[in-house]
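Please read through the structure below; I'll follow up with questions.
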């Protein structure tokens, strides 16, 4: 019974949805203040979601209606399922089993995959180009991001998130694996398609990328999925590298500090072309994180 | 029985339409890019979405009303349109404008150039995804808008010109406000020049993109800062001085690289030139009246007048038949010359560079849609209004 | 070449007030030369109609009310006016001027967009005349 409550309200379900919207607001407000503007008021993401849910959903001609309507639901479901394995609000995850780190990372990629499929489903040229770019970006940052998150797993000697969280409590992996931290943070930006990695969603080139044809409920679900992913991604990186999340105060402080760093990076740089993104990741990202792994294995071997 | 086997091209053309409605375009225009896996292989341009029939409308209004109609061809280069018209009509009417009025006209023209280049800097940065530079440059542009509002009474469409002079004067206080605004803007412009030439990610989007050699620029007939960024030394303020530019030393700003970065650098350096010119005008403002009397009926004749708009050479042809309404006015705007280069340069670049290349020529579609080209059949001569209208109806009937 | 050339500016903005002016709660003082709503001084008008002829938008109509007394009334169309101030320049007796603080002229209906200037009785007669003309037109249809 308590598990059902945890899944539906806290810390899963409603808490994660509301938290995702709150983090989206914080991100937009921070970026606006960094650009010397005012930024939206606190209820803006909620208002956007309510408005989108109230709008008519237009199904364009030439698409597979079942996929068109079902992909947003699968994307949000994947993101919400991933939420039950991470230490949200600093409390223990609802469910935990050995190897749940791999499952969580897979579930997080499910959203990007659904976006790419949704774009490929339509006959709109903008969506097709956007879908191609989304999937290209997925292939390019996924490997370094995974390796960067598996570095702490190697150091903690376990693939279970709450055990890595407990290990990180005593060891600030930011200091011992700085390269991994940088790659993980920038990989999070790539996963969430934040500037400068927003080529798949480049407004001035391909309108809205893979989600061009979506409006109404589908768009609301995709956006909610992205917000939930933002919150989960921040939780993972904070818990692995910033010394674990033991209580709600630590949770909010550390994830908000990370969000500030993300906002700075967002506002400082122009958009990278998709080929420049791939080049950056496969040249610098992968090499750096592999070098980090090599160092870990060698030092670990020497220590033993 | 011989069969002719025609091998169709299996790969169908993947055409990405940018426009008429697109977030990259501030005004409607249609660009079709044939894309082969993110590399553009062909490009086509189609304009005419903002055609309002202004040249025809001038024929039914008197000379004074036309001043305000022509000013509204474009919002960003409105003063240069009005100035070109006034210079042409004053030439036809044989009227000499007092030097103080000419100086004030040039001053407002330079202020407009500052406003236009800052606007362009923000818009081009936005096309590259660099929203921070967009927000900051537009915040600083508010300074020059406030200066213009205090001086002329409006932020755009200043209506500073009159046939025969200007409407208002500049006194000491306004001169001080202008100087203070310029000091602030000069410091910020120096900062933007540094950002544009040293930010690593931004340079990746602009260096080497849209490369135009000087031969290409001459062949395509580019004008304005777009041509000066490729090394073509053409500036009407120096080659054919008008208004008060004969007395002001204007230095030409050139760059030889010809890519997008050069276009950024040339426009920002032109901002420095404009600051210098405005200070010079303020220091040497001649005494005198603001306006001379203009007759209501202008003598019959034809004339041309050329003005350096922020985007390049603006060309006006004015023909009068002795009455108080013009016979024909034709405006050839600079974007018309630069637009063809987009289709030529686009081939070989990536799709992501298309908005940047388009923004690099500083397109002004409202200025653009001036002329209507009608391909005639065997007959020549002038068409009546009814014939033109029937042609349009038949054209669209044929299409559907 | 540096990464993040705008870092100084961006960082300082965290501690500065935003550059946005929160209109309508704070209004900037309008400059003195702002071209706002047109005002007409009936005493000075000589009825030469130059302003009507020169207006690019046909926004002014000067109606002669009494030829002997040289009394005129003006109908001014706010929504057609382009606020160019050519009429102000064309008027030799200087009867026209543009206000510098009446520039918030948006309205929710069409009535405020036709402004009548002149003597009260004249204006009433004009408006009655307009209503009659409208009624006649409706009857003819």
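Chains: A, B and C, in written order; residue numbering restarts at 1 for each.
Heads up, the rule we're going with is that a residue touches a chain if its C-beta (ideal position, glycine included) is under 8 Å from a C-beta of that chain, and two chains touch if they have at least 3 such contacts.
Keep in mind the model is a prediction, meaning the values are calculated, not measured.
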Chain nearest the overall C-alpha centroid of the shown protein atoms: B
Pair with more cross-chain C-beta pairs in contact, given A-B and A-C: A-B
Between subunit C and subunit B, distance of the C-alpha-averaged centres to the nearest whole Å: 30
Geometric centre distance via CA averages, subunit B-subunit A, whole Å: 44
Computed distance of Cα centres, subunit C from subunit A, in Å: 54
Multi-partner residues of subunit C (at least 2 other chains): 3-4, 6, 10, 19
Set of subunit B residues in contact with two or more other chains: 132-133, 136, 139, 199, 201-202
Per-residue overlap in subunit A, given as positions that touch at least 2 other chains: 34-37, 267-269
Complex contacts: residues of subunit B adjacent to subunit C: 61-62, 64-69, 71-72, 132-133, 136, 139, 142, 149-154, 157, 159, 162, 167-168, 191, 194-195, 198-203
Subunit A residues touching subunit C - in the complex, by the definition given at the top: 32-39, 264, 267-269
Subunit C to subunit A touching residues, read off their complex: 3-4, 6-7, 10-11, 13-14, 16, 18-20, 22
Complex contact set, residues of subunit A against subunit B: 34-37, 125-126, 128-129, 132, 195-196, 198-199, 202-207, 267-276
For the subunit C and subunit B complex, residues of the former touching the latter: 1-6, 9-10, 19, 31-35, 53-57, 82-86, 89-90, 98
